[in-house]
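Multiple structures follow.
In the two complexes that follow, chain A is the common piece, with chain B as its partner first and chain C second.
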Partner chain A sequence: MHSFGHRANAVATFAVTILAAMCFAASFSDNFNTPSPTASVKILNINWFQKEANGNDEVSMTLNISADLSSLFTWNTKQVFVFVAAEYETPHNALNQVSLWDGIIPAKEHAKFLIHTTNKYRFIDQGSNLKGKEFNLTMHWHIMPKTGKMFADKIVMTGYRLPEQYR
Partner chain B sequence: MGFVGDTVESIRSMQIRQVLTQIISLGMIVTSALIIWKGLIVFTGSESPVVVVLSGSMEPGFKRGDILFLHMSKDPIRTGEIVVFNVDGREIPIVHRVIKVHERQDTAEVDILTKGDNNFGDDRLLYAHGQLWLQRHHIMGRAVGYLPYVGWVTIIMTEKPFIKYLLIGALGLLVITSKD
Partner chain C sequence: MDWQGQKRAEMLMQVLLVASAVAAFLAGYVRADFQFMLLVYAAGVVLTALVTVPNWPFFNRNPLKWLDAAEAERHPRPQVSAGAAAGGKKKSGKNK
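Presenting the complex of A and B:
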């Protein structure tokens, strides 16, 4: 009746159940956090802007990115992945999203930052539509939890425009 | 009498009716596992609802041995999402983050570029020769949930098949010899 096998089985089942319940509770508690992050991105300079040999426009820019994402962190947050993407529409494409810079914030202490950088990934259009193009810069973040559900959100910043001429 | 002696004795004393019951209960375990798995496939819309992370290319977010829960909805794919994709001529699917999206005006066809958080460059070197973008049909699902360490069970079993057979044998023996 109460053999070693039965006892071991009962203990193991109970332990796994408790672990699963704790993981679920930790993930569920994330829902009660109402974050209030702030972000601003300035384009300091268009370093160069040209049409490549294959006909695609490419632009290099210097960005000033500042944000305070510390309110995103809860006890179940392992890290926050943050990136800035240029988003625009062209006659050919309904939506173009080009990631320009990204970073990993490992802890709440590093969640308030100001950096000065050229675009980390190449800003290349599919075609030649970037002259005088209006675009949005969007700061996205993806919260990677210690366990459970992943959350994501963004701040859209509008009113950026590329130069009328290549340089 | 010891544990081994008990086991041998219980095998010897089995009746045909008892054997049938054991076979049925074994069948129930196998089929209910299958039902849960296939149910998950229908529910999540992804052909493999749970994947194990095999490489360190998404560290420190996802380490080797962590598991991800996938969901495949009709929602369009956007930058920042972690997707699981298949590349032609490569057997094992890859879990990486989307960094560029170009979506067509009328056809809603989409060009996607991915990158591992821990890799230096984008994934064009991993794609098939000459392939610049992923399309919708390459994507198996997007990651929505995360559980650490649990995938080590499968990694150990695939890399050390001996442990797998030992475990299956022991479980089978346990089911056959259990008295209720």
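Presenting the complex of A and C:
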């Protein structure tokens, strides 16, 4: 601490060390947030349902996705990535996940939404197992913080069923 | 900056930085505004640098009192005698 340069260096290094501690504390404070998100997805229509030339089933549907994810946001949240996946079981795979729609929520003001859309990504099975298949629609989300730990969770919505016949 | 001043500068630096960090965190948390926390902390760091980095007069209140040159010549340092030093060296050499 005997010269100007030494003191400037000491201030800078100690300030950055404390900044790291503050970031850690900010990330830790996320644990005190107990979110209560809600989500619901309605299948308004099965637009078409067919077997492709290569033998894989594909279905197109119109969805009504509504959710209130504003309770996920804390002061340390940068954005929330959210996607809706169809999840079902086939003889070959215990869990199939097909992403149908996704979105990035940049701020708390946009976290309560209602979206009317056809499936953004194609719903194709690995094989021909979709006729009359019962499946879940699951809303997954990943909370991206400004600093620290990333959180992920989901809401599972059950009781959806595909038609018995191609159309 | 004298010895007491250096000690005081380091103490001040640490106390000011920790205090501004705590204040910034609380302010940011209460306002739920991460950027506000960073701004308050940045202000604290700038203030700390202004207080502790320049050589302010209040860091120089305990100047060292050097002996006068003439006074020092009147009381020369006691010299270690050449014989004792040589004997010591021989002994340590043998022991090795």
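Quick note on the criterion: the second predicted complex is superposed on the first by the 164 of 167 C-alpha atoms of A that agree within 3 Å, B and C clash if a C-alpha of one lies under 4 Å from a C-alpha of the other, contacts with A are read in each partner's own complex, and residues count from 1 in each chain.
In this text, a residue touches a chain if its C-beta (ideal position, glycine included) is under 8 Å from a C-beta of that chain, and two chains touch if they have at least 3 such contacts.
Keep in mind that what you see is a predicted model, and the values were worked out from it rather than measured.
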Inset, instruction - Consider chain A as the common anchor and indicate whether chain B and chain C clash or fit when overlaid. - result: fit
Inset, instruction - Answer with first, second, both or neither: which of chain B and chain C does A:115 touch in the superposed model? - result: neither
Inset, instruction - Please determine whether it is chain B or chain C that touches the greater number of chain A residues. - result: B
Legend entry - chain B versus chain C as contact partner of A:44, first or second or both or neither: neither
Inset, instruction - Please work out whether A:94 is in contact with chain B alone, chain C alone, both, or neither, and reply first, second, both or neither. - result: first
Legend entry - Touching partner for A:4 - first (chain B), second (chain C), both, neither: both
Legend entry - Partner chain in contact with A:146 - chain B first, chain C second, else both or neither: both
Inset, instruction - For A:85, select first, second, both or neither according to whether it touches chain B, chain C, the two together, or no partner. - result: first
Inset, instruction - Answer with first, second, both or neither: which of chain B and chain C does A:14 touch in the superposed model? - result: second
Inset, instruction - Examine A:104 and indicate which partner it touches, taking first as chain B and second as chain C; both and neither are also allowed. - result: first
Inset, instruction - Figure out whether A:126 sits in contact with chain B (first) or chain C (second), or with both, or with neither. - result: first
Legend entry - Cα-centre angle that chain B and chain C span when viewed from chain A, reported as a multiple of 10 degrees: 40
Inset, instruction - Determine the nearest approach in Å between the Cα atoms of chain B and those of chain C after overlaying the two structures. - result: 13
Inset, instruction - Could you give the residue numbers on chain A that contact chain B in one complex and chain C in the other? - result: 4, 146
Inset, instruction - Mind listing the chain A positions that touch chain B in their complex? - result: 4-5, 23, 27, 78-79, 81, 83, 85, 91-99, 102, 104, 106, 121, 126, 140, 142, 144-150, 152
Legend entry - Residues of chain B defined as touching chain A within the complex: 3, 60-62, 76, 78-82, 97, 99-105, 108, 111, 117, 122, 143-148, 174
Legend entry - Touching residues (chain side chain C, partner chain A) in the complex: 1, 6-7, 9-10, 13-14, 17-18, 21, 24-25, 28-29, 31-34, 37, 41, 45, 48-49, 52-55
Inset, instruction - Spell out the residues on chain A that touch chain C in their complex, using ranges where they run on. - result: 1-2, 4, 7-8, 10-11, 14-15, 18-19, 21-22, 25-26, 29, 74-76, 146
